[in-house]
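Next up, some structures in structure tokens.
Each of the two complexes below includes subunit A, the first together with subunit B, the second together with subunit C.
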Partner chain A sequence: MTAAPAAPSRAEILSLLRSLLRVSAKFSDYNIREYTRRRTIDGFRQNRTLSDPSSVANAFADGKSELEIAKRQAVVYSLYAPKVKSIIELYSKSGV
Partner chain B sequence: MKGVKISGRPLYLDMQATTPVDPRVIDAMLPYYLSRFGNPHSRTHLYGWESENAVETARAQVASLINASPREIIFTSGATESNNISVKGVMHFYKDKKRHVITTQTEHKCVLDSCRHLQQEGFDVTYLPVQSNGIIDLEKLRAAIRPDTGLVSVMAVNNEIGVIQPIEEIGQICKEFNIPFHTDAAQALGKIPVDVEKMNVSLMSLSGHKIYGPKGIGALYMRRRPRIRVEPQMNGGGQERGIRSGTVPTPLVVGFGAACELAMKEMEYDDTRIRGLQDRLLKGIREKLDGVVVNGCMERRYAGNLNLSFAYVEGESLLMGLKEVAVSSGSACTSASLEPSYVLRALGVEEDMAHTSIRFGIGRFTTEAEIDRAAELTVKQVEKLREMSPLYEMVKEGIDLKSIQWAQH
Partner chain C sequence: MASIAGMQICLLAGPRSIHQRSGTSINHGLKTSVSFWRTIAPRLQPVLPQLRIACAAKPETVEKVSAIVRKQLALPDDSAVTGESSFSALGADSLDTVEIVMGLEEAFNISVEEESAQNISTVQEAADLIEKLVEKQKA
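Entry: the complex of A and B
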């Protein structure tokens, strides 16, 4: 058995949250971008109630691995982004 | 479509046809398209071993989502293949003693077609009717059972109208009569809790591309205790316990497994959200329009499927006006024909209403803005069509359309 990872500090948690939000904004796909942002915020909000250090550490480790996946996939999505944007983005830009 | 100009990609509300692949699923799959390309059945080198390990991990992920043992999971190309193996494979294997199948009128085409095939071979098939809410009558099922009934096949969640059949109760009845029970859970997996023990199923069909996984992969659950046996359709190298020969596609299987694990983690979150969005859509439409009917039971329903019919409009024109929304309609849904859907017909939906049915499919990645836009466009289009409709004029004046004697041409 490996030792349980140490619980992260508040600053480390906030930094992870900021990194996740930053990378979610990089998704070229409207639906994926919105989802990643929404899921990140809801996930952190839900995990605020965690008090047991090992559950906090686990949630932190999950978040880190989500961040790595999001970083890679934001690149993949941008490589193959369709030229035409989603109709919803066009509306919200023109303010209709 | 020709002659229709839109400036952007339509917003996607057709999650029953297929779902987008989750980026976390793509991330799991990509390594198996790059350096880890080995054949999972190669026994003599690392390439084979690492692929085999990945396949077995995925098998456990799929099994865990339905509370089965990994040894009960056979990978197939999708729910169509699993349904074919279940219906034809079981009946062919037990053909000496069992000559009768019970299914329903609202099954997916691939189950109905497999049954037709059996009929041509001399088997008997009972197609149970459904009630006007889309749910089968358990007493009718009981009454249809014969000593030579070899299989009961009833889908869990209907793809067109989203109603949930009483699978546990059906499983109980099948157990009582000792008849194998197959369920097509393609639209249920990852969306409602699915448990092969609670449901007492012998066989279950699953699909990857309805749960944010890749297309071309699915699974067949086959119970080991008591053991159910089938005649394979594919003969060859004996992969997947001889039930489904052919090289197992590692990247697809890995993606399907990842999608199942995600579904388990996200089911509650997704469900809460999708319920909220369904509510928002229905309210947004009903606030502005009368004569809107939900097809299928409202209580026993998967929230991500909202099938609506609009009175006093013409179906084709309605869809033409909704080009910015990718949805499916009840008419002309599987082919180029203008026949209303057989599912809506089985519910007893009148032809004019069946023609104006639209299925709104909501999923993990749907946003509030998309729902609001879809509601707005639908309302606008229906209002426009009703303005031009003499029928709607008469209804507003209080004339009962059913009382009118139409002149014969």
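Entry: the complex of A and C
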């Protein structure tokens, strides 16, 4: 695999961000949900200033593999979701 | 559909009833009813060169959108965020825009597609798109 990966376009990057945020919303566990959301936003912000096409392509490929992992894990977590929701979630919803 | 049926009753009743009709169809936007009336009876009002079919979004929707935008961009509560303010003018970059759109999806319980999401640039556009999607969902 010595061929250099093509640099993703701006639209592709934003589409990856959207997919990651959407999949993070699917998690049933409050903590994992918040973590994935926070991590994707932080990760994209950190790599915002990358200009070298190969590093951009690498970051994009990393993001894509993370997206695959997150998709699988969302399904697995939903299989074993506890019946009782986390207290933080209940309190934040009711505004207490 | 109901508002178009209402238009026909309006024609028979005469021009004065346009105000009452506009009052009941306020949710569909005054612009729709007034523009339709103008094409049917041009002698009453000057014909517009362009016919605006778009329905304006409700002020509460615009308010809600502005609140989400303010929270995302960490603007103070008294900052001027109107329907005409564009996201980039308020200091949002494309990442912020995506986050704002996701926040709107969550708040209004809708699902925005890729292409529509990329074309949103002002608060008003976002509110209009939201209204359209909420209408479609209710139908």
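Following the convention adopted for this analysis, the second predicted complex is superposed on the first by the 95 of 96 C-alpha atoms of A that agree within 3 Å, B and C clash if a C-alpha of one lies under 4 Å from a C-alpha of the other, contacts with A are read in each partner's own complex, and residues count from 1 in each chain.
Keep in mind that, in the parts below, contacts are C-beta pairs under 8 Å (C-beta built on N, C-alpha and C of every residue); 3 or more make two chains touch, one makes a residue touch a chain.
Everything numeric in this text was worked out from a predicted model, so none of it was measured.
Asker: Overlaying on subunit A: subunit B and subunit C, fit or clash?
Answerer: Fit - subunit B and subunit C, as placed by superposing on subunit A, sit side by side.
Asker: Between subunit B (first) and subunit C (second), which does A:L21 come into contact with in this model arrangement: first, second, both, or neither?
Answerer: Touch partner of A:L21: subunit C, not subunit B.
Asker: Touching A:D42 in the superposition: subunit B (first), subunit C (second), both, neither?
Answerer: The first partner, subunit B, only.
Asker: Let me test your reading of the model: by the given contact rule, A:L90 touches which partner, first (subunit B), second (subunit C), both or neither?
Answerer: Touch status of A:L90: first partner only.
Asker: Quick one: classify A:P82 as touching subunit B (first), subunit C (second), both or neither.
Answerer: In the superposition, A:P82 touches subunit B alone.
Asker: Between the C-alpha centres of subunit B and subunit C, what angle is subtended at subunit A's, in steps of 10°?
Answerer: Computed from the C-alpha centres, it is 140 degrees.
Asker: Just checking: does A:R72 make contact with subunit B only, subunit C only, both, or neither of them? Give me first, second, both or neither.
Answerer: A:R72 contacts subunit B only, not subunit C.
Asker: Count the residues of subunit A touched by subunit B and by subunit C, then name the partner with the higher count.
Answerer: Between subunit B and subunit C, the winner on subunit A residue contacts is B.
Asker: Contacts for A:I32 in the overlay, against subunit B (first) and subunit C (second): which applies, first, second, both or neither?
Answerer: First partner only, subunit B.
Asker: Is A:A57 touching anything from subunit B or subunit C once the two structures are fitted on A? First, second, both or neither.
Answerer: Neither partner.
Asker: Please provide the least distance in Å between a C-alpha atom of subunit B and a C-alpha atom of subunit C in the combined superposition.
Answerer: 16
Asker: Considering each complex separately, which residues of subunit A are in contact with subunit B in the first and with subunit C in the second?
Answerer: In subunit A, no position sits in both the subunit B and subunit C interfaces.
Asker: What does subunit A use to touch subunit C in their complex?
Answerer: 10-11, 14-15, 17-18, 21-22, 25, 41, 44-45, 48
Asker: Can you tell me which positions in subunit A touch subunit B when the two form their complex?
Answerer: 27, 30-32, 34-36, 39, 42, 66, 69-70, 72-73, 76-77, 82, 84-92
Asker: Within the complex, which stretch of subunit B touches subunit A?
Answerer: So the residues of subunit B in touch with subunit A come to 6-12, 20, 23-24, 26-27, 30, 269, 324, 364-367, 369-370, 373.
Asker: Sort out for me which residues of subunit C touch subunit A in the complex.
Answerer: 93-95, 98-99, 101-102, 106, 114, 117-118
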